[in-house]
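Both complexes below contain chain A, partnered by chain B and then by chain C.
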Partner chain A sequence: MRHLLIAIPLLLLAALPGLSLGAKPPTKDLVVIVNPASGVTALQPGDVVNIFMGRYRKLPSGIVAFPIDIGERSPEREQFYRQLVHKSLAEVDAYWARLVFSGQTSPPLQVPDGKTAVQLVAGNRAAIAYVDRSVVDERVKVVLELESAP
Partner chain B sequence: MQRLSSHWLRMGTLLLCMHAATAAAATDLAERRVTVGGFGTIAMLYQNEDGIEYRRFVGQPHGAEADKLDFATDTIGGLQLNAAWNQQLDAVVQAVTRLNSNNNWDPQLTRAFVRWNPSETFTARVGRLGLEIYPRADSRDVGYSQLPIRPAVEVFGLSPVDRFDGGEIAFKRPLGDGLISFKLWGGRGGGDIVAQDGSISNVDGSMLWGAHVEYAQGPWIFRIGSGAINLDEPIQFGGLVEALRATGVPQSIALANDLDDKARKTWFHVAGITYDEGPTQVRLFAAHVDTETKGSPSANVGQIVGGYRIGTFTPYATFSFCKSDGDIRETGLEGMPELAALDAAARMTQEAFRYGQHSLALGLRWDFMPKLALKFQVDQVWLNESNLVLDKRTDRSGDAELTVFGVALDFVF
Partner chain C sequence: MSISRSVKRLMPKSIVARTTLAIVLLALLLGAVFAGLAAWTLQNNEKDRLTTRLDALLQTVEKTVSIACFVKDGALAREIVSGLMSNEAVAGVRIIADGQTLYEQIRPGAAVSAAGEMLPISHLIHSPFDKHQEVGEIVLFASQATLHELAWSYVRYVLFVLGLEVALMSLAVAWVVYNLITRPIKSISDELHRLELRTGMRLRVPRRNKQDELGRLVSDVNALISKLTSLIDTERKLRLERETSERRLSLIFEKVDAGLFEVERNGLLHSWNPAFVRTLGSPPEPPELQALLPAHEAQLRTLIDESLNSGEPREADLELRAQDGHTQWAEISLTPMDNVMLQGVINDITERKRAEFAAQQLASRDTLTGLLNRRGIDAGLAAVFEDRHREPDLAIALMLIDLDYFKQVNDTYGHAAGDIVLCRVADILERIVRRTDLVARPGGDEFTIVLVGIDNISKIEQIAQTIIDEVRKPLDIGNELQVQIGASIGIALIRADDDSPASALHRADEAMYVAKQAGRCRFHVA
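Right, the complex of A and B next:
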C-alpha cells in the first residue's frame, strides 16, 4: 500500500504538462449534409451521434445511412466530435478500436477533404457527412447545423 | 493456428448465399474493399512479492517474478483483415500473438467470421467470434481501446476461453429516447488452464451460449445478461475420489461424491452500468459465476473503472475482485497420521479451484500521438487462496500482498 501512496502524487504530477491541451475553440461553421433524395429534412443531434458512432444508422426515412469522416486528423473531424460528443479524437479512435477489433461494426468511411465529402453525398442517397458550410452547394441538403447543437 | 470447424465455414457460406438474394436492393456506396489493421501493446511489468508470479490470465505458463522486469505478461500483437462486399456483408479475420500456455508466441486465429447485416435492426455473424459474456470482453486484448493496461485480472483472467466457433444474432431498435439491443450467441470454444504445478488442462470443445440485453440512453448504458459454459468432459479427479471413498469416513465419502459429480455446466449472470460523457467515463459490472459442479465452488466477480480526461492525459482508477463461495471442505481425516497425505491432497485439489483476489489500481493514460497511448499503472493486489497468480512460495497457505508497476505503449493502425 505504501508504494501506491507514493505513486498517486507522481502520477498527478506527470499529468500537469498536458492539462491545457485539447481545449481549442470551434473554428469551422460545420453542418451535416445528406442527399436531397434521402427523404430527410432535418436530424437531431442524437440521430447524428447514433449514425457516426455506429450505434444505429437508420435514417428517419428508412434508409441505412453511410457516414463519411473527413480526414484522420483534420480540423473538421476534431471539431465535429468535440462538439457532438465532447470527445477528443484519441477517445474517438479508442472507441472505434474497441468496435473494429471486436468485429462489431465499421467506422465511417474517411475521405481527404470536405469537397470530396460533398461529391460523395451528392452522388449517393445514403451518404451523410459533416462539412464546413463554405463547401456546401445545391447538390446536397443541410439537415443539422452543429453550432446550434447542444 | 487453431482450425476453424468446417461446420461453421458451411454456415458462413450459407450466409453469403442468403445475402445474394437481398444485395441487389441494397444501397451500395461501400465499394468492395479490403482493409488491414492491427493493434498491440508493448508492456513492461515489475512486482515485488517473492515467490509469486503475477499473471494476466490462467492460460499463461509463467508470470512476472519478483524484482525482475517482465516484458511477456502484457505484451500482445494483433493483425486484422476486413473484406467488405458492401454495407450488408463483410468478413473479418484476425490473428493475435501473445504468451500462450505452451510458452511460445505462436499466432492464434482469434476471429474469422462473416457478418450479414440486411437491415439496421438485425445482424448475424457466423464463424469464430469473440466471447462477450462480460461487457467488452471481446476487446480485452486491445489495450488502446481501454483505460487500464490490462483487463481486470480478477474477472477476465479467470477464464481461458475468449473465443468460440459458432453464431450470433443481434437485434436493436429505438426505444423511448434510447436504443435497446438484444444479442444471442452460441457455439463451441476452449482454451488452456495452466495449474500451479505447470500442468495444462484443456477445455476445448466446450459448449457455450448466452444472451444479453442492453439499453443505451445518452451517456448511460445498462446491461444484463447470462451465459453458460458446458465442459466437453467433466473434471476428473482420478484416484483421489476412490482413495477418499476407501477411507470409510463419512466426510471423506461425501467429499468424494461431490468431486465425482458429473455436472459440467457453469453459469455467468452479469449486470453492468456504463456512464460515458465527454471527458468522464465510469464502468462497473458484477457477476455471479454459478458452477453446477459441487467440487468446484461458485464465485462472485466484479470491476469498477473510472477516468477523467484532462487534455491529452486521462488519470484513471480501477478496483476489481473475485471471491469463491464457501470454504475448503474438511475430510474428517485430521488427526489420522497415516492418512495425512490423503488429507493434504484433498485440500490441495480443492484449493486449485478457488479464487480470492482483489486489486486497486491507479494509472495515467497519455495520448501523446495519434493512435499511440502511453500508460503508467500501479496495482496493489491482495491474494487469498488465488490461482490467478502462480504461487511458488514454500508455504502457500499465507495471504500475500504485492505491488505491480506497469508501463505500456498501446497502438492501433
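Right, the complex of A and C next:
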C-alpha cells in the first residue's frame, strides 16, 4: 500500500513531461496495463488494437488474452477507442454487434470502473485493460501509454 | 458449273420474288454479321456490367468482410458468403484472411477447374482500423453461365428484332417492286404481245410512269416501232419495184431473139435463155460453151481471155455445121462483167452471111464457068502473096492457059457452043488441080492457074502436060457434035524478088506467047 502511495506521485511526475507535450491535455491519462506475470513488458498500439478488437486472442508472450473494457459509456472507454482506432463508441458497438452475431468472437469484458479493472488485471495473468493512470498500482504493469490524439 | 446451273434453276423467275429473295438473303447475312458482332460486343458489355454489378455488391459487404478478416471469424465469413451466394450471378466466393482461406463456397455445378468457366473479381481487404494494413482478400466468382445467359438473351432479342425487320422489309420491298416495276412492265409486255407491226401502232405509256425510266423505255420502243414499220414499208415498196423490174428483165431474157448467156473464164455457162438453145442447142452436163462449139474451142478460148484481160467486149463470127448439113453462122459477142464472168450475146447471122456470100460470089466469080474472074484471081493472088510474106519459102507457080482453035469453034458453031467449050475446059482444069489451087478465067478463052506449095518443076510440067493432053481430046458440045481444041501454056515460077504478082504474070504471059509461037498445044516455062 505504501508502495502504491509512493508510486502515484512518481507516476504523475513521470507523466508530466508527456502531458506537457499535448496542446490540450485529455481528460484522462490512459495507460494499458497487464499482469506482471503475463511475461509482457511493452505493447505497440497495433498489438493493443489487435487484442481489443478481437484479432488476436493471445498476448505476445503466448498467453490467451483477456481484454477488459471499462463501463459501457464511460469516458475512459470513449477516450480509449477514440485514441486507439479513431472510432466512436457507437461504431465500436456496431463492430462488435456483427461479431457477436456470429458467436465466435466475443467483445472485451466490461467492468464498472478503473479500479475493478486494475483489480481484475492484478488477479489474472491473461487480463489486459486500459485505465486512467491515477488508478494504476504496483500490482499491474503498464505496457503502453496512450498519447492523446492531437 | 452444275452448282451454278442448279442455283439458276432454283432462282425464281419473277423480279418480285428475286428481289425479295435477294433482300431476305442480304438481310439474313447482314443480320448474322450484326448478331455476331452484337453477341461479341454484348458478351463484353455484359461482362463489364456484371463485373460492375458484382463490384458494387462486394462494396456493400466489404466492411463486414474487413471485420471478418480482421478477427478471422469464419462464422461471420460464412454469413457474408451465403449472403453473396443468394445472388444468381455469383458462382462462388472465397474469403482469405492473412493468406489462409477463411471461408469458401462454390456453387455446385460450377467447375472451378475450368479456367474460363469462372470470372474472378478480387478485392483486397484492409483492416477496419488501419487503411494501410491488409488483412485479407475476397474473391468473388461471377457465373459465366449467367453471363452467357444474359448475353444470349440480349442477342436473342436483337435477332428477333432483326428478323422482324427483315420480314417486314421483305414484304415492303416485294410490294414496292411489284407495284412500281413488275406491274408496269407486265402491262407493257402484254401490250407488246398484242401489238401487230404496222404503221402508226404505238404502246401506251403506263399512267404513273410517264416521267420515269419505264416511260422512256416505252417511248424508245415506240420510236423503234415507227422506224421499223417505215423501214418495212420502204422495203416492201423496193421489193415490189425489184420484182417488177426482174419480171420485165426475165421476160426480155426469155423472149428476145438474141441468145443471152453468162459464162465463166473456164467456159462454164451459168445461165442461158431459150434463144441461146435455139442457136447452139441445149448445153450438155456440165454446161460448157466449148462443148457446144467443139470446132471453135481454141478461138473461144482466145476470145474469152482477150475480153477478160482487156476488159473490153470482143466479137467473132463462127461458122457452124448444123445437123442437117447446112452451114450456119453465129455472131458471138462477149462483155466482161468482172474478173471471171462474161456476159455473152449470140446471134444467128446465117441469113446475113448467105447474102454476103452471094454478093462476094457475084463479085469474084465468072458467071459462066463458076471459076474466079479477074477480080477474084487478083484478090486470090494478093492473098497468096500475103501468105508468102509470112512464109517466104512458099513456092508459087503461075500458069497462063490460052485455048487454041477456040475462035474457029466460036465462029463455026456459035457462041453457045463456045460457052459449052469454056465450061468443059473449066471442069477439066478444076479436076486436074487441087482444091487449094486457084483456077480463074480472067476473060475470053484465057485461063489462069495458081499452084501453091509445089516447088518441083517437073511436077508442074507434068500438070501442064496433063492439061494439054486433056484439053486436046474431042469435046461433046451437044447435038452429037464434037470439037477439038488445044491449049498453049506459059509457066512462071515466083521468084524471091517478085514482091507483087504483076511481074510474074508478065513472065508467064511471055512464056505463053513463046509456046504459041512454037506451034501451039505445048507449054513453055519462063
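Methods note: the second predicted complex is superposed on the first by the 121 of 150 C-alpha atoms of A that agree within 3 Å, B and C clash if a C-alpha of one lies under 4 Å from a C-alpha of the other, contacts with A are read in each partner's own complex, and residues count from 1 in each chain.
The criterion applied here is as follows: a residue touches a chain if its C-beta (ideal position, glycine included) is under 8 Å from a C-beta of that chain, and two chains touch if they have at least 3 such contacts.
All figures in this text were calculated on a predicted structure; none of them were measured in a lab.
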{"item": "Which superposed partner A:Arg98 touches (first chain B, second chain C, both, neither)", "value": "both"}
{"item": "Chain B versus chain C as contact partner of A:Val64, first or second or both or neither", "value": "first"}
{"item": "Contacts of A:Lys87 with chain B and chain C, given as first, second, both or neither", "value": "both"}
{"item": "Partner chain in contact with A:Met53 - chain B first, chain C second, else both or neither", "value": "second"}
{"item": "Touching partner for A:Ala127 - first (chain B), second (chain C), both, neither", "value": "first"}
{"item": "Between chain B and chain C, more extensive residue contact with chain A", "value": "B"}
{"item": "Residues of chain A at both interfaces, chain B in one complex, chain C in the other", "value": "46, 55, 85-87, 95, 98-99, 101-104"}
{"item": "Complex contact set, residues of chain A against chain C", "value": "46, 49, 53-55, 84-87, 95, 98-99, 101-105"}
{"item": "Residue numbers on chain A that touch chain B, as the complex places them", "value": "1, 3-4, 7-8, 11-12, 14-15, 18-23, 46, 50, 55-58, 63-64, 66, 72-73, 85-91, 93-95, 97-104, 106, 109, 120, 124-127"}
{"item": "Interfacial residue positions of chain B with respect to chain A in the complex", "value": "27, 29-30, 37, 39, 48, 78, 80, 82, 84, 87, 90, 92, 94, 111, 113, 115, 119-121, 125, 129-130, 132, 136, 138-139, 141-142, 144-146, 172-174, 177, 179, 216, 277-279, 309-313, 315, 360, 362-364, 366-367, 370-371, 373, 376, 378, 380, 401, 403, 405, 412"}
{"item": "For the chain C and chain A complex, residues of the former touching the latter", "value": "64, 67, 70-76, 79, 128-130, 133, 135"}
